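Which chain is which? They are A, B, C and D, in the order written, and residues in each are numbered from 1.
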Amino acid sequence: MSDPEMSVPETADPIARMLANDAASESLGISVVSYAPGEAVVRMTVRDDMLNGFGITHGGLVFALADTAFAIACNEDERITVAAGADITFLRSTGAGDVLTARANRRSRSKRTGLYDVTVSDASDEVVAEFRGRSVTTNRTYPTEE
Amino acid sequence: MSDPEMSVPETADPIARMLANDAASESLGISVVSYAPGEAVVRMTVRDDMLNGFGITHGGLVFALADTAFAIACNEDERITVAAGADITFLRSTGAGDVLTARANRRSRSKRTGLYDVTVSDASDEVVAEFRGRSVTTNRTYPTEE
Amino acid sequence: MSDPEMSVPETADPIARMLANDAASESLGISVVSYAPGEAVVRMTVRDDMLNGFGITHGGLVFALADTAFAIACNEDERITVAAGADITFLRSTGAGDVLTARANRRSRSKRTGLYDVTVSDASDEVVAEFRGRSVTTNRTYPTEE
Amino acid sequence: MSDPEMSVPETADPIARMLANDAASESLGISVVSYAPGEAVVRMTVRDDMLNGFGITHGGLVFALADTAFAIACNEDERITVAAGADITFLRSTGAGDVLTARANRRSRSKRTGLYDVTVSDASDEVVAEFRGRSVTTNRTYPTEE
């Protein structure tokens, strides 16, 4: 972030800027595999400190991975689009060391609202969770500073 | 955890044992305020490393807080109850330093499934998110080791 | 509707006007028990022509009853508020002759959006379904004619 | 149903038997366009008695159409599969005379539970609603009579 020589791509692409500032996704070790308007693929390796009291991946962190994919897929210009809500169904438990991939795809979009499906899979391509996010585009733009 | 003198309560209370092993909630700084069968109150202070690219609390971590409250409220004996799914509606954004409280209450329960409402509020008691979790009770007991 | 002597209450109360025109609820035999801002209670007796192929009440008609309660609870002035979406959990099946009551309560409301919980119960007060509706208030007013 | 000469296909196909007894779908004028394991397409023309107080199709009846598609898609043998719940997002309002088509597709299935997406479109292929149903397979078989 502090290298003045690499500031051009961040300026040009609002998604890149958003990602560069996403401290939560960084602290969860989430990496961005690819993205395009309405789509995103992100990845996370489950760490020991992501397990719940039953020794399986905390559902909140599976949700967080899907939510990051959703945030990338639903933002594509300067206007800020945020999550209005989401539903998740947990299909398979995972554990430490598992590599989870979340793939987001737009299902529909109107002027202000959108619907995105995110499938979370493990390294064997078994589906771990299905997430459906509801987005709302605000009147604010990013970044808000001059 | 390794103090042999305090092992009795953990043995007696499956919830206490579950909480003592919940590394994810611990790493998120979630503290348990209170719990009773079908109920739980938990708390988390939003850290800088919990913010998304827009500088607001990552929705996945708001979900994670609610999910921990849900997990405590839906487990009350040796049988392991897990989340089958959940829906969350985000009502208000929060930021670093905000103290979020999640209050879970059981809405219904049958032999195997349950429904729990979790309200996440900030320090001014403004509602930040409404979560509804769907639980399923497994045939496994906790802990599974001898 | 065309009786000039009874037009005053309909003019005075947008909800009464909305209900007077709700052909779908009328054809389902839904009666309004009570309503107040943010609340509504409605009732329906399950008929033979409301059963699905398994001889139990079609889930869509349980949803329709809850949705009518939701529509009344979320409308309270001239502006038209509609459903953006809803989630329903089915807890108990019912059959012909069962009297179902749906009770809607507002859980939260902002300028444009709202969240309403609707519980559907049978005559023994057993919960049949839990519904959570998401409303959006439009810029249109009711009625739209001059 | 009463023609003894055409009883063979009904006996052979549990879905056909289920549909033949679905009085609710019949009274809503729902016709089955096609079905296969995990899939179904059904259709309904919106009638005057399906409109709500705002003169648009009652959301409960849009849900009912999607729910019938879901029921067909999630049943494929003698065991009875029912809806545990569903979420619907309403994207576009419709009115009397509109022909709505609901297309259901299985997204995942385990031994007892399943997840199905149903898209409801109008005659111009504009999406009216997106529905996601959660199924649970019971231990009962159909029909239960000898």
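Just so we're on the same page, contacts are C-beta pairs under 8 Å (C-beta built on N, C-alpha and C of every residue); 3 or more make two chains touch, one makes a residue touch a chain.
In this text the structure is predicted, and so the values were computed from the model without any measurement.
Novice: Using the touch rule from the top, work out which pair, B-D or A-D, shares more C-beta pairs.
Specialist: By number of C-beta pairs in contact, A-D is the larger.
Novice: Measuring between Cα centroids, what's the chain most distant from chain C?
Specialist: A
Novice: Once you find the CA centre of chain A and the CA centre of chain D, what distance in Å lies between them?
Specialist: Computed from C-alpha means, the inter-chain centre distance equals 33 Å.
Novice: Can you check how far apart chain B and chain D are, centre to centre, with Cα atoms defining each centre and the answer in Å?
Specialist: Result: the chain centres lie 36 Å from each other.
Novice: Suppose each chain is reduced to the average of its Cα coordinates; what separation in Å results between chain C and chain D?
Specialist: 22
Novice: At least two partner chains per residue is the criterion; list those residues in chain B.
Specialist: Touching at least two other chains: 84-85, 87, 89, 134.
Novice: Contact residues on chain D for chain C in the complex?
Specialist: Touch list, chain D to chain C: 17-28, 48-61, 63-68, 71, 80, 82-90, 93, 142.
Novice: Taking the touch rule as given, give the residues of chain D at its contact with chain A in the complex, in rising order.
Specialist: 87, 89, 91, 107-108, 110, 115, 117, 127, 130, 132, 134
Novice: In the complex of these two chains, what residues of chain A are touching chain C?
Specialist: Residues 84-85, 87, 113, 134.
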